[in-house]
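Attaching a single structure in structure tokens format; questions to follow.
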Amino acid sequence: MRLPDKTGAIEGAIAAIPDGATIMLGGFGVPGTPFLMIQELVRQNKRDLTIIKNDANETGMGVDHLLVAGCVRRLITTHLGLNANAIRMMNEGTIEVEFCAQGMLAERIRAGGAGLKGFVTDIGIDTEMGRGKQRVEIGGEVAMIETALRADVALLHAAQADTFGNLRFAATARNFSPLMAMAADTVIVEAEEIVTLGTIAPEDVHTPGPFVDHVVHVPNLSEEYAVVRR
Amino acid sequence: MSDAKSRMIARAARDIAPGMTVNLGIGLPTQVVNHLPGDFPVCLHTENGLTGIGPTLPHDRADRNLIDAGGAYVSTIPGSAFFDSATSFALVRSGRLDLTMLGAFEVAENGDLANWKIPGKFSPGAGGGMELAQKARRVAVLTTHTDRAGNPKLLTRCTLPLTAAGCVDRIFTDMAVIDVTPAGFALRELAQGVTIEDVKQATGAPLHIPSGAIPTF
Amino acid sequence: MSDAKSRMIARAARDIAPGMTVNLGIGLPTQVVNHLPGDFPVCLHTENGLTGIGPTLPHDRADRNLIDAGGAYVSTIPGSAFFDSATSFALVRSGRLDLTMLGAFEVAENGDLANWKIPGKFSPGAGGGMELAQKARRVAVLTTHTDRAGNPKLLTRCTLPLTAAGCVDRIFTDMAVIDVTPAGFALRELAQGVTIEDVKQATGAPLHIPSGAIPTF
Amino acid sequence: MRLPDKTGAIEGAIAAIPDGATIMLGGFGVPGTPFLMIQELVRQNKRDLTIIKNDANETGMGVDHLLVAGCVRRLITTHLGLNANAIRMMNEGTIEVEFCAQGMLAERIRAGGAGLKGFVTDIGIDTEMGRGKQRVEIGGEVAMIETALRADVALLHAAQADTFGNLRFAATARNFSPLMAMAADTVIVEAEEIVTLGTIAPEDVHTPGPFVDHVVHVPNLSEEYAVVRR
């Protein structure tokens, strides 16, 4: 046996994403955000997207390009504090925003990726984040059901990928990416380095290749990857 | 192994398409891998935490920490990955397993599968079989057409506790290839030297026979 | 920073016991680390996926992929570990976080905390604060005793949306160290030059004054 | 800052476990089973234990020693097929056995480790494994609640640990161990090799040190670690 090759070009991989798609984007702040694939979404003028990402980056970078270009209908996120533009669009009603506690967003995505329907938790039960959520009793205690999240597509940035899609992430760029890799019908990864099969030792794989559909090479990173404006 | 069994396994191997991620259950299904060409592009998964299973190894060359779910010493190939049991079943339940091939005690014409328990006789626990059966995108069963006493294993309804309901897509036996369809069992192929009547007689449920020639394997 | 604020931060640092795993929230709490001895045995956690946070780095020496949850460029120390966001919050929710120190808009005498939303003014989302507040084994708040207009932040009941109910164990302010007890706020220590009366006046809820001398920090 | 040292001796770490404890044991078959700590449990004659482990090993090894010595009251497991002794004791009523589907056991342990109360799934819903489980409706579909599992103690075998308890597992010896490391109040790890802080790169850690309480060195493995009798 040999493992299949999943490498391809960024344009074609992104072209297959329809308008109206639900898209998970890796990244917490700058690290892990797939800036080049986001730019390609904007270039191909995708419309009516639901975006699932920890944050909306900052004004002028990443998710903000999608917002400004009018690609986004709905945003599921944990924090918009560094993007005044996103908060303005939310307040004006230009975009819908669903807020999750950060660990709840991570866990909802993981539940989708683990083929579960949801999970039972007491996080936020005494807060407005707990409103409207289905209650259940376990062992005499009342808790809430958080529903699993899945997406049509996940766009992820990896430090290293092999041709089968085994992935390694750098430092805190890992964050939501391994979870999103499990939770989308199609997973597209931009990798700074693409290596031959066997270069990544089996013990050192962060995301196993079977979760990944397409690997695109991004040898030349845009300025966004290193710039922090704060 | 009988010639018929061996042809059944070889025939099952032909249902593995290039690029698939596949879990081959303990027993007969494990042997399907021996019928794939050496450079065939496929990713084999084992539920104890490995994708990219390589050839089995004799004890004296084995890595004591590297086994498949059946306990056999296996190896890695370039591109293999190890992961924990939660990730392993996440892969199964989230739809990333294109195909599983499993053994069976009984299969019903509605696709119900029983392969883990015989009350009062055999109840070792379900292991990972339930999730493979319920969640793999495609479930194939490899089994002798009848049990040792000659009783049919393909039935109108399962009598044993189910592994999963309505999960089986196709059955490879030493007599035939049979699909589970909305109308029940449908004959697709015949083993060499086996007649339609033979299969009908050995099957404990109605068998739909399509018009036209039935291919042989 | 005022001398009083700086002493508050130094005092908070003394509540970190050797061997703890600690999450220091964005803002004032982050600065607590500067008051720990260089070889102090403690593990700092940040919710974007790192245990063993090392010193912050200037931009020109930073690793672009290595930040804390506040976006600051940090570094690793020998024994650091990176992990995904689900594992990071598993650590928080499963009780492995011995202590978190958080900022506050309001704290109530029953331990309720509000620090994420001011309806109509500030609603950027809760980030990771809810789980830190609800699940860390011990929750300390660092805050100025009053807001910029001089209004008390320690109240009988919170008026803003809660981050978590009944979660706060101790409050460090520029005026005092106050514990949340079953009987409400209890004064534990006074900042230099601050009187019991000063604290009472600046607190929007009854303040229990223990008998005996009140230590100063 | 420096990270605390958690190394110690096996006898003391095991001595702190009380009779009646619930103990998770890593391992799937031989790989990952903490045979030396199991032997120490037997030597210290712990009683009335609830054991959570994928399997009961084989007759004459690992968990079987605990069964034979009468240490076990209850076993939560997925498969006993290779231990006829365990099946006999179950059938005779000498031990209680609770069977889980394998991925459900893994996920229940992970849920405990993730501080969740449980999760929602349809696995086994049409089988006898689904009997007696609380039903809920999510998005119009009926599913079941599987409750989280936690333990007093987890005993794990690692290939490598640093002095803070960052762990690496070998090959398929990883299996349930990273999940159990999150799900027990006290986590004790026997490691074939103990290395200085910094030897394991931060990106290469399988289980982060904060989940681990005690690390004991087992430089001389017993025969069980390499012997397979089948």
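Labels for the chains are A, B, C and D, by order of writing; each one numbers its residues from 1.
Keep in mind that, in the parts below, contacts are C-beta pairs under 8 Å (C-beta built on N, C-alpha and C of every residue); 3 or more make two chains touch, one makes a residue touch a chain.
To keep track of the chains, here are their UniProt names: A, D = Acetate CoA/acetoacetate CoA-transferase alpha subunit; B, C = 3-oxoacid CoA-transferase subunit B.
Quick caveat, the model's predicted, so the values are computed rather than measured.
Spelling it out: a chain qualifies if it touches chain A and also touches chain C; which chains qualify?
Common neighbours, chain A/chain C: D.
Sort the other chains by how far their Cα centres are from that of chain D and give me the top one.
Computed centres place C farthest from chain D.
Decide which interface, B-D or A-B, involves more C-beta pairs in contact, and give its chain pair.
B-D
How many Å are there between the centre of chain B and the centre of chain C, using C-alpha atoms for each centre?
Averaging C-alpha atoms per chain gives centres 56 Å apart.
What is the distance in Å between the mean C-alpha positions of chain A and chain B?
Measuring from centre to centre gives 35 Å for this pair.
Report, in whole Å, the distance between the mean C-alpha point of chain B and the mean C-alpha point of chain D.
Centre separation, chain B to chain D: 29 Å.
List the centre-to-centre spacing of chain A and chain D in whole Å, with centres computed as mean CA coordinates.
For chain A versus chain D, the centre distance works out to 32 Å.
Where in chain A do residues touch at least two different other chains?
In chain A, the residues touching two or more other chains are 107, 110, 114-116, 121-122, 169-171, 202-203.
Residues of chain C that touch two or more other chains: which are they?
In chain C, the residues touching two or more other chains are 50, 76, 82-83, 86, 89, 92-93, 135.
Every touching chain pair, please?
Contacting pairs: A-B, A-C, A-D, B-D, C-D.
So in the complex, which bits of chain A are touching chain C?
Residues of chain A touching chain C: 28-32, 54, 77-82, 87, 99, 101-107, 109-110, 121-124, 126-129, 159, 169-179, 225-226, 228, 230.
Note which residues of chain C are touching chain A in the complex, please.
Listed in rising order, the residues of chain C that touch chain A are 46-50, 59, 63-69, 71, 73, 76, 82-86, 88-89, 92-93, 123-131, 134-135, 161-166.
For the complex, which residues does chain D have touching chain A?
Its residues touching chain A are 107, 111, 114-122, 134, 136, 138-139, 141, 143, 145, 147, 168-171, 202-204, 206.
Any idea which chain A residues touch chain B in the complex?
On the chain A side, the touching residues are 1-5, 110, 112-116, 162-164, 166, 182-183, 185, 196-198, 202-203, 205, 208-211.
Tell me, which parts of chain C touch chain D in their complex?
So the residues of chain C touching chain D come out as 18-19, 21, 33, 36, 38-45, 50-54, 76-83, 86-87, 89-96, 135.
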